[in-house]
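Dropping the structures in below, format is structure tokens.
Each of the two complexes below includes chain A, the first together with chain B, the second together with chain C.
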Partner chain A sequence: MKIYLKYISLSFQKAITYRIEYFTSILNALLYIFIFISIWKAIIPEEGIDNGITPEIMTSYAVLSTLIKATFARSQGFISSKVRTGEIAVDLMKPYSIPLLYLSDIIGQSLFQLLARGIPLLIFCIFFFNIKIEVELIQFIKFINLYFLSFIIYYLISLFISSLSFYFVEVFPFWILYFALVTFMSGAIIPLDFFPEFLKNIILFTPFPYLFYFPTMVLLRPNQLLINYNELLLNYFINIVILFIISSLIYRMGIRKLPIAGG
Partner chain B sequence: MDDQYSGTIIVENLSKVFYIRKRKQGFLGSILSLIYAEKYPIYAVDNISFRIQKGEIVGYLGPNGAGKSTTIKMLTGILMPTSGRILVNGLEPFSNRKVVTKNIGVVFGQRTQLWWDLPLYESFDLLRIIYKIDFKEFKKRLDEYIELLGLESFLNQQVRKLSLGQRMRADLAASLIHNPNILFLDEPTIGLDILTKDVVRKTIKQLNQQKKITVILTTHDLEDIEFLVDRLILIDKGKIRYDGDLNQFIHQYQKSKRILIHLEEEVKLENSLNGYKILKNDMNRFFEIEVPMDESVANIINKIQTMGGRIQDITVKKQELADTLKEIYKGKEIELS
Partner chain C sequence: MKIFLENPYIRLIISSIQSKMEYRGTFLIFLLTILGFYLSQVAVIALMLYKFKTIKGWNAGELAMLYTLLIFSMGVVSTIFSGMIDFSDFIRKGDYDRVLLRPLSTIGQILSINFDLTGLAHLSLGFVALVITNHLIHINWNFANIFYFIITIIGGSLILGSIRIMVASVCFYAISNESLQHLIVFSSREFLMYPLNIYTRTVQIFLTFIFPIAFINYYPSYYFLNKDPSMIFHPYLIYGTLPMGIFLFFIAIFLWRLGERYYGSTGS
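The block that comes next holds the complex of A and B.
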């Protein structure tokens, strides 16, 4: 257990050393937010649309969903690059679980991103974009719950894709596909409310909207949630269990197939 | 871990098969390969068996591609065997990876086990946490290895800034810090200068004697073998060709011996030494010849004197492991002892 905690700390410290990346990523996030806000303000009329979404709400939505996304760290090379170079053998030689170490790595980086990106960005947006988020304590606690559950889903999907490196030489195309799906279906850019009914239902079958859309909405529009909170929790758990089973299987089978050449 | 199995390795009918895609030649062929490619099996390890007792130092040799690395990877739990049985410390390594790895140490000569971006002492600290070593014990052992292997001067350096020799010594310490009872060494002295090789070899020997650590050594460096190894297992094309005492091996397969001759004066011996192969000729005064094993030195001296050579000095070189191995690696059949 201690090794995973220590690894979180190491990963956090490592993230601090990448200073230039830090500044560019903040700029990047700000640019995104600014673009989204501008577009929504141009599209949505002042009085709002029939589902009650006003430009103000969309502004807050753009900020929040982007912030949540910004705190989920990408550690995509951790397993796949090690499989490619054969370095994974070194990890297999040690008595710890590689998927858990991967999780520790992501947590460490995400913690850094939360503190060094999320919070500054939030403060900046509140002042610069005039975001008003009035939250009750209960809503905030619900949000925190969903945030953690969403993080677990995020981790399990990443583990699944990383494990594909045992089967395919290049996993990069899968990451691209994943980013595309996330962009489209997770609510990172467009809230689910704007989708036609049939598409909404399809997307709700995937884990993606649970990543950013629902956590954001539970904070912004807790009374107009597409699914009520308890049912939402259930869906989260179902998604987690299914993803856990799939990614464990792919990982374990992958380890058996391990394509390391002999000598 | 059963006490009777402690420090032992049991391998029974072990095989590992890899499937290679047959690529069809030519442009059309490569397009066809997209849809369907025939696979054929390669028996990297082919039904091998052996048992290693606690405290043995075993040299596991073979030409490149023989199956050595594949075997080691199965013994250390990295690769899953295709068939057969392995027991390391009484447990199957692949399915009991987390338990087995707690008690074995591994040094890969060509790859480090340390953390690249961290200073060396941090790597050791991480290992302390990973292997759950008691702090006092850890400190004691670490100090011991720092002294034995001379790590003091670069303890604060990042691992990626270390020279090969420094890194190798550090890797050896890292493989021992958790007190394993079995040590796997895969090319531990590759690329090292002579002093460092010496330190590494002596440390291994000493630890084997003091702590009865079982050692499996894979190397192409024959001096490593000659210094460290009691028992030799030779593998080629996935099969074991020899498993037994090292010296017996050298003796058994010794076909010829080498004689160094130093003549007082120049004599052209070149054409007249029937049955002897002249390996080196330096100014017709210093010769190295290869003669059949059972040829007596007296005969040789006689032959040379008959040709007018006056011998100043004569040396019989003992058969080297290198020569025997060369014959075997070339593919000549040898019988199992």
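The block that comes next holds the complex of A and C.
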């Protein structure tokens, strides 16, 4: 356990060292927030649309969903670079688990993103874009729960894609595919409420809306959730169990077919 | 033909294409996923239109035209100017010193070495977008319009290419420019997915005069769509794409030369 905690703090510190990286990443998040806010203000009429969504709600939505997404650190090369260079042969001999090390790496970096990017940007946006988020304690606790669960989903998907590097020379295309799916159906840009009914029902069967859409909505419109909270928790657990089984299978089978170190 | 093939730049380009073709499977998968990513961006806009019909007075066909102009310029740029991406790697590994030793233009060599056929996938996507545009709205493709379309793509490509050169020039001073590149070259393109008039006035001015990417698709599309140009800062802006592209290109070359003079190898 100690070693994983050490690793979390290590990857946190690594994130701090790149200062220019940090400032441009702040600007990058602001750019997206600004564009999305501009769109919603341009297309949603002042008085709101049928289900009570107003430009103000969508402004908050743009800020929150973008920031939640921004706090989940990207760590794409952690396992795949080890596989490509063969470094993984040495790592496998060491007395710790590589998936857990990967988890520590993502946690450390994400903590940095949350503290150094997410929270300051949220405060900035609250003043700059004049957004009002009234949150009761119980609602906030619900949000923290979902945020935590969606982080686990995020990690398991990352582990799944990373483990594909045992089978393919290049896994980057899979990441692009993942970005495409996130763009379209995670709620990072467009909330599920705007989808036609049949598409919405299909998307609810994928893990993607659980990444950013539901955590954002539980803060913004807790009483108008598409699925009620208890059922939502159940869906999160089902998603996590399925993703856990798939990603650990892919990882284990990958390790077994790994041809390096004479194995 | 023989003289053409013996041109050192052409030979560099051919060998670059050949080396990429070595990994044909990876190349194809990469192409497909890139197309998937662009499709998802278009799907987002399609969803907005499904729900709201227009985006600040721009209907589906007009937005498709906006996208067509953008994706064509992007296609040309990512084919020709891909060498400017990851230029920091080039500098870090000391490969740039090799380029300096040859009696050829440095920019010319870097662009030829990294000539990237993948970019042409954008062009096929551009043709699809163009067909959809024509299906949704009527544009009279007479000689003048086709001519101006080509001029616009050249101008737009020059604008995007110049931006890539400027961002790459930063490497001469800072070695690493990845995050800056991500912000200025890639994320900023997101602005152009939507018509400029959804943004605040300050941002409109910024994207017209300071970081003039609005010339790539927004202003020229007024020409093709016969939209009322009194809505924009000045009606002549709809002809500004090529002049702006040439202007930026000269600035970019100037900044590149400036950086080159400063450059003193990483020693690796």
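Going forward, the second predicted complex is superposed on the first by the 259 of 263 C-alpha atoms of A that agree within 3 Å, B and C clash if a C-alpha of one lies under 4 Å from a C-alpha of the other, contacts with A are read in each partner's own complex, and residues count from 1 in each chain.
The rule is short, and it goes like this: a contact is a pair of C-beta atoms (placed from the backbone, for glycine too) under 8 Å apart; a residue touches a chain by one contact, two chains touch by 3 or more.
Because the structure is a prediction, the values reported are computed rather than measured.
Partners chain B and chain C, once the complexes are superposed on chain A, both fit on it without clashing.
Within the superposed three-chain model, A:G52 lies out of touch with both chain B and chain C [touch as defined at top].
Within the superposed three-chain model, A:G77 lies out of touch with both chain B and chain C [touch as defined at top]. Of the two partner chains placed around the shared chain by superposition, chain C is the only one that A:K41 touches, whereas chain B remains out of contact. In the superposition on chain A, contact is made by A:K94 with chain B only, not with chain C. In the superposition on chain A, no contact is made by A:P120 with either chain B or chain C.
With chain A used for the fit, chain A forms the apex of an angle whose arms reach the C-alpha centres of chain B and chain C; rounded to a multiple of 10, it measures 90°. The partner that reaches more residues of chain A, of the two candidates chain B and chain C, is C. Our summary of the superposed model lists a minimum C-alpha distance of 7 Å between chain B and chain C.
No residue of chain A lies at the contact with chain B in one complex and also at the contact with chain C in the other. Contacts from chain A toward chain C in the complex involve residues 18, 20-21, 24-25, 27-28, 31-32, 34-35, 38-39, 41-44, 49, 169-170, 172-174, 176-177, 179-181, 183-184, 189-190, 194-196.
Note for the complex: chain A touches chain B at residues 2-3, 6, 10, 14, 86-87, 89-90, 92-97, 255-256, 258, 260-263.
Residues of chain B that touch chain A in their complex: 16, 18, 44-45, 64-65, 67-70, 73, 76-80, 97-99, 101-102, 106, 108, 111-113, 117-118, 126, 129-132. Within the complex, the chain C residues that touch chain A are 23, 26, 29-30, 32-34, 36-37, 39-41, 43-44, 47-48, 50-52, 54-56, 174, 176, 178-180, 182-183, 187-188, 190-191, 194, 197-200, 203.
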